[in-house]
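Shared between the two complexes below is subunit A, which pairs with subunit B and subunit C, respectively.
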Partner chain A sequence: MYDFTYQKPASVADAVKLLGADPEAKALAGGMTLIPVLKQRLNKPSALVDLADAGLAGISVAGGTVRIGAMTTHATVANSADVKKAIPALAKLAGGIGDKEVRHRGTIGGSLANDDPTADYPAAVLALGATVETNKRSIKADDFFQGMFMTALEPGELITAVSFPVPEKAAYMKFPNPASRYALVGVFVAKGPAGVRVAVTGAGQNGVFRQKAMEAALGKSFSQAAIADIATPADELNSDIHAGAEYRAHLVGVMARRAVAAAG
Partner chain B sequence: MPQVALTVNGKKVTVDVEGRTLLVELLREKLGLTGTHVGCDTSQCGACVIHLDGASVKSCTMLALQAAGRSVTTIEGLAKSDGTLHPMQEMFREHHALQCGFCTPGMVMSAIDLVQSHPEGLSEQQIRHGLEGNLCRCTGYHNIVKAIAAAWPLMHGKTMPAAAE
Partner chain C sequence: MAFEGIGASVRRTEDQRFLSGRGNYTDDINRPGQLYAIIRRSDRPHARIVSIDTKAAAEMPGVVAVYTGTDLQADNVGGLPCGWLIKNKDGTPMAEPPHPVLAVGKVRHVGDPLAVVIAETRQQAKDAAEKLAIEWQDLPSISSTQDAIAPGAALVHDDVEGNVCYDWHLGDKEAVDAAFAKAARVVRLDLTNSRLIPNAMEPRAAIGDFDRATGEHTLFTTSQNPHVIRLLMGAFVLHIPESHLRVVAPDVGGGFGSKIYHYAEEAIVTWAAGKLGRPVKWTAERTESFISDAHGRDHVTTAEMAIDKDGNYLALRVKTLANMGAYLSTFATSIPTYLYATLLAGVYKTPAIYAEVKAVFTNTVPVDAYRGAGRPEAAYLLERLTDVIAHDTGLDRVALRRQNLIPANAFPYQTPVALQYDSGNYQATLESALKAADWNGFPARRAAAAAKGKLRGIGISTYIEACGIAPSAVAGALGARAGLYEAANIRVHPTGSVSVFTGSHSHGQGHETTFAQLVADQLGIPFNQVEIVHGDTEKIPFGMGTYGSRSLAVGGSAMVKAMDKIIAKGKRIAAHLMEASVADIEFKNGSFSVAGTDKSKSFGEIALTAYVPHNYPIDELEPGLEENAFYDPKNFTFPAGCMVAEVEIDRDTGVPSVVSFVAVDDVGRLINPMIVEGQVHGGVAQGIGQALLESATYDVSGQIVTGSFMDYTMPRSDNLPSFKTGNEVTLCTHNPLGVKGCGELGTIGSPPAIVNAVIDALSEYDVRHIDMPLSPQKIWSIVAAGPKRKAAE
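The block that comes next holds the complex of A and B.
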């Protein structure tokens, strides 16, 4: 690892100031992605700005919305009685990320800012029609994800929280890569204020995406049968050593039907 | 050079580090606590697992400076000063849950967190899932799973609820 200076500001305002003053500085959350990247010398920040003391951790539920602070760990979300009650699918998703040591450190803000095409949270944010809050603005899920490892965040802009509208029902099913637990294919299905939404992670060449044909069919009849014949075109899906695009396309259907069954 | 002050195995220490010094480097190289191992150095194997304020984390994927003001427990901090082993260590010995021993410190730290965070009991399935972050190249895991199930009643001071088994 190249060396860097380390700072731990006590507020979001101070963190934004530090990041704004130095274009080579980078935010540090749980470090579960950033530290391995630094070890490989794929990135050479001048400074790391640790968000641990910036007051960004915590969960609140009010007015049909679950609001999760950016620095809230996956373990906290998975074990939260409030989240389990309001959006059980979200707690279950968080409890299925990586392993428990990763869940003790990794955060929702870090996961979304990183936007790994095989990460779990992007599927929940897109399917639930959540809003990503930053130090500057609120970004709708449909505008936030812009391709593999690409989001609407501007340089130096920090995610502060994510607000999830509580759905009528929802479920997430993932076919995990057996080694890393990242999603080979993960499908989040939700029926809520924004209608039925189906988001697919792990499969798309451009990261998380909505399966709109399935959304339309489930909007008419929320049942496994309604989507039994809906195929997902393989030409925009990933092929790699873990799975080919055709197999991923097949898995999207299987995971979507299982998610519909689990949502009930 | 920055300094980091933290508590390690109940003792307060202050150590000179670089920004990039990993917590595992602080433990092994600066404090000589070589019980915590580095297996993969890529956040996958769990040989480096320690407790940070009681929760199991991978010390190869944390900066020493991130542990400022926090309390770290390593494998060296488990046994009593008279040498009496922690029940988890004792059950690993009893059930032959190690062969080469390289994964063992991380396994034991991860297992203690798992048992402590499940006062309602643990099924075999839950134990196996709870070890997802720990790789062992020798044992095939069976005896590790047995050791953890056997440590549960010792750590909670009661028999494991039947539903969990």
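The block that comes next holds the complex of A and C.
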């Protein structure tokens, strides 16, 4: 790790001010990706602006929407009675991220801002048609994710919360990378206000994506049979020592069918 | 008080400190005025070093020194030695290229140490190491074992022709050729034994210290054998006499072989501490461990078995290419020869065997012993080949094993590959394992799994290993440059408590418990009055250390020998006190008594008398009660057994799950059955790791792809079933305890059992063999191709 200064502002406004004043400064949410990167000296920020005291943690449910503050940890989401009741698939997804230590440090805002192509949350945000709230605006899920580690966030823009419309039914199925346990392929299937959506994480070369052929089929008949013959083109999928693109394409189908079955 | 002697499952006394964070590991040690070393390593697989400019690094804040290979050379620092000389088929010695402590001229693998920066803080050393300006000239590199011998392959060492370290053989070629000529059938199998990264929980660390007042050097290091490090580093690298070099290996958090060897960093910190007159500490980061700890296995093999029409084994022919990596690690050369080819009889009475082993250099991390070391490669080959013979001939795989096993009445049994097995009963472990696994009930379980849409398979392996290494004379005749005995010192204190100084080294095995049980049992004193001391050349008379499952068989036997001397002296003291003849004194349950009388003296009374010799045969006996012993075994020990695994495969994803695992082993006499069972569990976990998950992978450019836990798949608890273990006991005939060793059998017996089970699960797809690790993707590709596919071999 290189030296950096550490600041812990007490509000989003102060955080934004600090980040705006120093283009080399970085926001620190849970640090589950950033800290290992710093330890390996792969990044050299001048300052870390810790958002822990910026008042961004918390969960509320109102008017058919679950709103989760950006600094809410995965463990909090996983264990929230409100989330479990409103969107059990989301609580289950949060409970399956990393390990216990990661779940108690990592946050939803940090995960989304980082947009790791093998992270779990992007699949839920995209499939549920969630809205990402920032200090400047609200961004629709479809506009938020723009490729591997690339989002619509602009300099000086911080995620403050994510609002999830409560779906009629939803489920997430993950095939973990055997080594890292990140998603090799993760499929979130939801039927809700935004219609039927199927979002795939872990597999795509450009990060999370929607499997629209499956969405169309499930829109007609929400059943495993409806998507049994829908193949996912392998040409834009990742290939590595754990899984080639063809295998990933196959797993998208398996995980999607299992998610449909689990969603009921 | 509960029974705590031989055979009791006493809880491990050392775990109290390990589990409560009170262990004292090398990195926990800090010396006054300590500096920190950071090693700059090569990020290139193969390159000429045109220049290293150290100026900018040396000027960084806090930097005390920057050294490169030429600095060490100028100071007469030697290269790292190889401890085992192998001779080629024609009798010429193996190629033994220099292994400089810091690279000189060329770097030969990613991770090759290139320079060291020493600074007041770790952070400063790290900052400065980045300022080293290195000019490279990249060279073509060799990433894989087979590529090393390809025509026109780049040379890892300029003067090692064809990258061949040695071309060695063992066995009777003519007899094998003759048997093949008349065989009813020959079954051939090509396989690889995958390359593994040991990944001990504690990364390596070393602290060099130098006492300017006495001129004594001290090295604290994560080692399985501190005396061996003192010998190798003192004699070959730094030229420091043993009298002035102390090596301490305190608590060590796992070794699995990877902490046997003398590593560059140990020499660097010891040398630099002497140079600078200040202690120097180096601690590996996990990423460094992946590219600097010796790797394991990495064989490419063709095996052929000649059989008669009934499936009796007539002759075995094996041809193996073994990867040494870029340099020869300390014992690398002995692994694919004397710990592999000598085991190719396995538990079978194959009358003729011929093995050829070619060891090659590649631009990869050096390869050396990893838990099992050579024996897993032999067992995997034989047990896969046996299943393939069954597959090709239609014979039953259990029947095939039964008919070829060495009979229980054939011991001592001389194999055609140099070893003589002293004892064993392979039928007993086989039948016991089959029963424990309910082998005959498998079809019903397969049907039940099929009803759930799963493919279920069962696999078996009957393995043997050579442990307790070994007679020094034999090892020497085979090329070892060291002896392989063990030393013990037993110090009885005046009030009868006992300190045991052992040359064995515990790095997780529970020696402080097992050895204390052994000594308490033999001397008839309470368990809690025995202290086990290890890991410090200043305290221990001598030691060859812990590897090859040798601690109890060799180290424990040395303790027995020392205790025999203690008891013999005690008898003389007791005879004097009780005015009896020494011949009439009996020692039992901690008391010396005069045969046929009720006169007796306790062990404590005799100890006190030895140290307070008022009434004492002082003219003929020295006071005190302390004895040394060195024990050099007459033979290896030969633990053996049978493992049975059951797996279920998810057809949709190809994911294999181990649903049942049975291990029935013969490890000779058990001192602490709980610890033995723990050793089996740990070893089987690593074996399942190799079979299904682990593989060190290099890409064609020579970069390591599995350089972190993000890509190197370690087995985790959810990859493992609950193990069922059992024991059948035949005693070792040549050591005083009848013990054989248990540390490695899990990694030896389990990989073939698991692979055989997966192949069995895929029987409807007619798969003959799949190379490890059996990843979901490999399995899925077979299932996806549909039944009766002839798999690539």
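Rule of thumb we're sticking to: the second predicted complex is superposed on the first by the 264 of 264 C-alpha atoms of A that agree within 3 Å, B and C clash if a C-alpha of one lies under 4 Å from a C-alpha of the other, contacts with A are read in each partner's own complex, and residues count from 1 in each chain.
Quick note on the criterion: a contact is a pair of C-beta atoms (placed from the backbone, for glycine too) under 8 Å apart; a residue touches a chain by one contact, two chains touch by 3 or more.
Everything numeric in this text was worked out from a predicted model, so none of it was measured.
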Touching partner for A:4 - first (subunit B), second (subunit C), both, neither: first
Partner chain(s) touched by A:261 [first = subunit B, second = subunit C, both, neither]: neither
Which of subunit B and subunit C A:75 touches, first, second, both or neither: first
Subunit B versus subunit C as contact partner of A:250, first or second or both or neither: second
Of subunit B and subunit C, the chain that contacts the larger number of subunit A residues: B
Subunit B versus subunit C as contact partner of A:105, first or second or both or neither: first
Partner chain in contact with A:35 - subunit B first, subunit C second, else both or neither: first
First (subunit B), second (subunit C), both or neither touched by A:242: second
First (subunit B), second (subunit C), both or neither touched by A:175: second
Subunit B and subunit C footprints on subunit A, overlapping residues: 1-3, 179-180
Residue ranges of subunit A in contact with subunit B within the complex: 1-6, 8, 28, 31-32, 35-36, 38-39, 48, 50, 52, 75, 98-102, 104-105, 179-181
Residue ranges of subunit B touching subunit A (in the complex, touch as defined): 2, 18-20, 22, 41-44, 46, 49, 52, 55-58, 61-63, 65-66, 68, 110, 113-114, 130, 132-134
Complex contacts: residues of subunit A adjacent to subunit C: 1-3, 40-41, 175, 178-180, 240-244, 247, 250-251, 254
Subunit A-facing residues of subunit C, complex: 123, 126-127, 130, 287, 652-653, 693, 697, 705-706, 709-714, 775-777, 780-781, 784
